[in-house]
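Both complexes shown next keep chain A, but they swap its partner, so chain B is in the first and chain C is in the second.
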Partner chain A sequence: MSSVNDRSAVKTPAAATAAAVTAPRPPNRTADARGGRTTRGAARGSGGWTPWLYLAPALLVLGGLLVYPIYQLGLISFFEYTQAQVSGGEPATFEGFGNYGRLFGDPQFWQVLLATVLFAAACVVSTLAVGCALAVLLTRVRAVPRLALMLAALGAWATPAVTGSTVWLFLFDPDFGPVNRMLGLGDHAWTYGRLSAFFLVLLEVVWCSFPFVMVTVYAGIRAVPGEVLEAAALDGASQWRIWRSVLAPMLRPILVVVTIQSVIWDFKVFTQIYVMTNGGGIAGQNLVLNVYAYQQAFASSQYGLGSAVGIVMLLILLAVTLVYLRLLRRQGEEL
Partner chain B sequence: MKLSVRTAGLAAFAALLATACAPQTSTNSSSDEDEKTGTLRVWLFREVGNAPKEKVVDRVVADFEKTHQGAEVDVEYIPVDTRAQRVKAAFNDPGSAPDVMEYGNTDTAGYVRDGGLLDVTREFGDWREAKDTDPTAKQSVTVDGKLYGAPFYVGVRALYYRTDVFEELGLSVPRTMDELASTAREIRAARPELYGLVVGGAYTYGAMPFVWANGGELASGKGGSYASGIDSPQARKGIKAYTSLFGDDNCPAATCAGMGGNDTVSAFAAGKAGMAIGGDFSHTAVEAGKVKGKYAVVPLPGVKAGSIAPAFAGGNNIGVLKSTSHRTLAVQLMKRLASKKTQGELFDAMGFLPTFTDVRQQAARREPFVKPFVRTLSAGTEFVPASPAWAQIDSSLVLPTMFQEVISGKKDVTKASEDAAKKMNSAFGSAG
Partner chain C sequence: MNPLRALVRRPGRLAAEASALLIAVVVAFPLYWMVLSAFKPAGEIESSEARPWTPAPSLDSFRRVFGQQEFGRYFLNSLVVAGCVVIASGLIAFLAATAVTRFRFRLRTTLLLMFLIAQMVPVEALTIPLFFLMRDAGQLNTLGSLILPHIAFSLPFAIWMLRGFVKAVPQALEEAAYIDGASRARFLWQILFPLVLPGLVATSVFSFISAWNDFLFAKSFIISDTSQSTLPMALLVFYKPDDPDWGGVMAASTVMTIPVLVFFVLVQRRLVSGLGGAVKD
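== the complex of A and B ==
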């Protein structure tokens, strides 16, 4: 593997899978050469099927765990499917796009969708900025502070979302919170205003998701050959310039994965909003799609409507990911 | 390893094929069997401090098993927080469902539509004790004129106030809703560290008495079709009265808008409020707080002096599941559990208010604390619409959203109540 050129060493999982697929071939060939018992035709036939055979377990698991639930989700979204249908009180009736019609006809859905997109975008940008900045910092400090930062980040990473949210909420509590006392804000309620509540949740989301970005990017930076950085430094490039023109392009595959992950996570934020704004804030001002889906659909057992929200979210995320990959590709980087 | 993964995949694939083209539904039809022996499974709610309840129930069960040879009763106490999931699961899989179940009275219509509860109209009518059942309690087991269980106990809210604060400030107990508001402001003005009357934007059942007292209604209609009444002029007056209590002169919107019922009771128990709207079931929590011995309870005053604001009649019922294979036995056990004798004992053990008017009067004589609650109940109570849509309206927070919109100044009363009515009507429309 070490003989492969440098670029694919930092390649994405896609490249790794491709390598795994082609790997099984050599034993086949050696069997051919040594024994010569199998005929050429049979060898070619089994060669055509072999990759699929090796892929089958993974495909079946993926099919069972991903495709089937999505199929069910899509199916349910076309039916009137509430608790009465599940428990057999009434028959499930096909509604076509009825659930989608109701969803798109609800002005609150559009508000929530807009809020979700903006909130997720803010979270992704902040998480990436904080994560990358700290990753660069990690490469530039001594061992002890590095260890401390790593441990702090891992602690944040390992904290369950419910616990983290509750602690953050307590920190900003109007009556007992240390933040208000330190800033001298009296009994200012952070969760009352729409933006300040979103800001509070954003802080928690960034806090619990930057470690993933930091650790991944840090690992990526360590894999960049020292000579390249040294050469850039000798040419008189500033720190910012090195990041922009050397590190960032070399880390691009890692940044792509990290960004997509963050987009997906932050778009699907549930716990933080649910816990910190008490299920969507004053008059539902802090609802995001996931909490909205839970409240409108699952808490009141309208599974058909909930599935429709799920499908819409799935399509949006797929679209975002595809567009993003497409844009990167146009810039010339093969993924 | 690979093999097991593959088998799992194959199983999933087989399941895919089996689920032809419609989502799964359970075959939860009513059971035709009526076995006279065997095990009866019972689900009751696990209360905070459940031991006294268990003792009473154990006595009932022992008695029942003695008179019904060959019948065994297996009682399980389920946590209140996760009851919704448990009950849904029971409806989906009759095999693991209980025969007899305690349930919250606002869930009745929803459970009936889900096809989970057995119609016991005939048995209830034949039951000698049933004639003393309080009409509102009876209404809470009734859907479309049929009865789906027996009322178990009722819960009702009244006004808690701090006797020491009232004495210190020379205040008298408010006799009207207007006096209530002005008294609350006086307390706040004199003691700025206290909320006058602690109110919550998400405290629906604390807010509704204001709407009802002003002649408003949640919804009107009978049988299948309901129409929201929350945007009527009377209801709007009530909404205005309640939401005007949020402000720096009583309960600052920034902290109070997000509060629910428990938050307000906690604030009162912690000595942070002059008055609060709490239930008979809040008694233990308040007794355990700082204000023990420094408070009293009166019925929440209505609009006119001397009147009582109609309270929401909360509480629980005992029902029989449709899927039971011991129909006769299960109905008999239901009657035992909800009988006058059991309810009287449960009142002594747990403080649950009986649903029989005569038993309740006796209880009030034994325990003076419940007098204001019994008076509130006798003055007439209100109940949520007996429609399966109520569960949906409740869980999608239609009413808290409406109150919070007004409190936070996002919408005025007219617009907020109009929007809430629209949402309620669409729920009534789709749930039928």
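== the complex of A and C ==
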């Protein structure tokens, strides 16, 4: 899910990662490798400096292009940093928490924060519901319909965020889009109203993110022993009951992974909002935090303020990540 | 299963299969409509009825797209950026994944956690400091300003994903190689690398997508030299909110989507087993 780079645009990278967390683990051989090691450098030894040598390029790149920018982001957020400072006309003045004070005193910020949380929540719930329902459906059909659905989902998954956004806009275009024609809505403009614009973006987001959930959950269901499901069916359990009382508890680890990944991804949605609502909608009615930070910095040249928004986002996502790590720990995951 | 039960279950399964097919059609519809509109002649897109086929497919929209604004060059730029990111991040991630799976050392777990946390960083928020970083390094308006950050952002995920593939190579193979006198470097590049390569390709689809789709960095870092622009920016040239050239937008979208689709379909099986194999524990 990470910067599917726009990681945001990257639909699932991080997400997938998460699944990898639960990857099958070969029996841990550390102990015997250590004990029985006779030849030089037998596997999984401490290896001296070798692992650090292998890690060096990665650490260098991450340090320079991820850690250092985060540090800079924090730094800029404490300064008055506008066009004048960028061009070097005026020195940057330290403002302490000045940018944060202005931000928290601005009703628009709270409105955007609320919109971001609600929008992300709606996206996560819809994506999970659609993904899980279709995963269950996949287990109940034969090869041909299954392949058709898988291929369609794969297509949606692979579609770049920018093209997905323009295509969905076109589908719902008031003048030439097929949807209004089919539903007989005349020239109803979906992007004018605040809610209907958010709804349109939500449809696109769900369309391109449910495939990850579907594929992962489907793989999980396939791993559940068939007898368990058969026994439940023989006992007369309904589909819904089987899902709620048998599958969901067994799939809990996977569900945790896809949920948290969806939260993280949907909280960071940028491209869809930016393209579909043309930079945040009429009078900024469809702004979410990410787009808001960008607009503050690059449209209004309030780099300090934009950085403060970025730091707020970073802290919120960090909190989500910590919850996630705790949940993984509780499942006894070994890293 | 006895025939009676099969008979009883059949209507249920037929309904499930019908709905699966129907849903597949709905899910595929936006892509179908994109390709269809790209081939429709200009007049038909603007006609009052939305016909789900076209009697006279035309390449006009594609001609317009490729004729305008050095579209071919943008396509090439995008390919260069995505190609560099895929190769560089693949190699770096392979080394790092080997380090964290085949060695035990202090800070190993801490590092892994850091890689996990790094994936959650909202990349968009870093546009501001990266902009200043690129400016100070004199990289604004170059493809390098797009390649470097994407390598960094796709690394943590690639490392996590590759771990599973590196781990799957049996320890015995490594021991045998050393007993036969292979050096560490020889084992790494001539034995481990070819074995992990399929996984590396599957993982790289995500680096590819992230670099290929990037729209924010291209918009922010390529500010004056349009010859260094990439596809997403070119696409938005056709999309003017007031008067979009839908035929052009759809044709450009089609051109931009196809390489990703091809890549995805090629690595699809690996991908599903990489993600999903995951879960079979």
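Note that the second predicted complex is superposed on the first by the 240 of 335 C-alpha atoms of A that agree within 3 Å, B and C clash if a C-alpha of one lies under 4 Å from a C-alpha of the other, contacts with A are read in each partner's own complex, and residues count from 1 in each chain.
Going forward, a residue touches a chain if its C-beta (ideal position, glycine included) is under 8 Å from a C-beta of that chain, and two chains touch if they have at least 3 such contacts.
Since the model is a prediction, treat every value here as computed from it, not as a measurement.
K.L.:
So in the superposed three-chain picture, is A:Asn278 touching just chain B, just chain C, both, or none of them (first/second/both/neither)?
P.N.:
Touch status of A:Asn278: both partners.
K.L.:
Is A:Tyr100 touching anything from chain B or chain C once the two structures are fitted on A? First, second, both or neither.
P.N.:
The answer is neither, since A:Tyr100 touches no partner chain.
K.L.:
Among the partners chain B and chain C, which is in contact with a greater number of residues of chain A?
P.N.:
C
K.L.:
May I ask you to decide whether A:Gln72 touches chain B, chain C, both, or neither, giving the answer as first, second, both or neither?
P.N.:
In the superposition, A:Gln72 contacts both chain B and chain C.
K.L.:
Report for A:Phe172: first if it touches chain B alone, second if chain C alone, otherwise both or neither.
P.N.:
neither
K.L.:
Based on the superposed arrangement, let me know which partner A:Thr50 touches: chain B (first), chain C (second), both, or neither?
P.N.:
A:Thr50: touches chain C, not chain B.
K.L.:
Looking at the overlay, what does A:Gly155 touch: chain B (first), chain C (second), both, or neither?
P.N.:
Once the two structures are laid over each other on A, A:Gly155 reaches chain C alone.
K.L.:
Which holds for A:Leu318: it touches chain B only (first), chain C only (second), both, or neither?
P.N.:
Only chain C is touched by A:Leu318; chain B is not.
K.L.:
If you stack the two complexes on chain A, which partner ends up touching A:Phe109: first (chain B), second (chain C), both, or neither?
P.N.:
neither
K.L.:
Quick check on the superposed pair: does A:Phe198 touch chain B, chain C, both, or neither? Answer first, second, both or neither.
P.N.:
A:Phe198 sits against neither chain B nor chain C.
K.L.:
Please report the chain A residues shared by its interface with chain B and its interface with chain C.
P.N.:
In chain A, residues 57, 61, 64-65, 68, 72, 76, 86, 278 are touched by chain B and also by chain C.
K.L.:
For chain A, which residues count as touching chain B in their complex?
P.N.:
56-57, 59-61, 63-65, 68, 71-72, 75-76, 79, 81, 83-92, 94, 174, 187-189, 191-192, 278-285, 295-296, 299-302
K.L.:
Going by the contact rule at the top, pick out the chain A residues touching chain C in the complex.
P.N.:
Interface residues on chain A, with respect to chain C: 1-14, 16-17, 19-26, 29-30, 33, 39-47, 50-52, 54-55, 57-58, 61-62, 64-66, 68-70, 72-73, 76, 86, 134, 137-138, 140-142, 145-146, 148-149, 151-164, 166-168, 170-171, 173, 175-178, 181-182, 207, 212, 215-216, 218-220, 222-223, 253-254, 264, 267-268, 270-271, 274-275, 278, 290, 293-294, 297-298, 303, 306-307, 309-311, 313-314, 317-318, 320-321, 325, 335.
K.L.:
For chain C, which residues count as touching chain A in their complex?
P.N.:
That would be residues 12-13, 16-17, 19-21, 23-25, 27-28, 30-31, 33-34, 37, 45-46, 49-50, 52, 91-93, 95-96, 98-100, 102-105, 108-109, 111-113, 116-130, 132-133, 148-157, 159-161, 163-164, 167-168, 170-171, 174-175, 178-179, 184, 206, 209-217, 220, 232, 235-236, 239, 241, 244, 246, 249-250, 253, 256-257, 260-261, 263-265, 268, 272, 274-281 of chain C.
K.L.:
Can you list the chain B residues touching chain A in their complex?
P.N.:
2, 5-6, 8-13, 15-16, 19, 21-29, 88, 91-92, 110, 113-116, 201-202, 252-255, 257-258, 388, 391-392, 394-397, 400-402, 404-405, 407-408, 410
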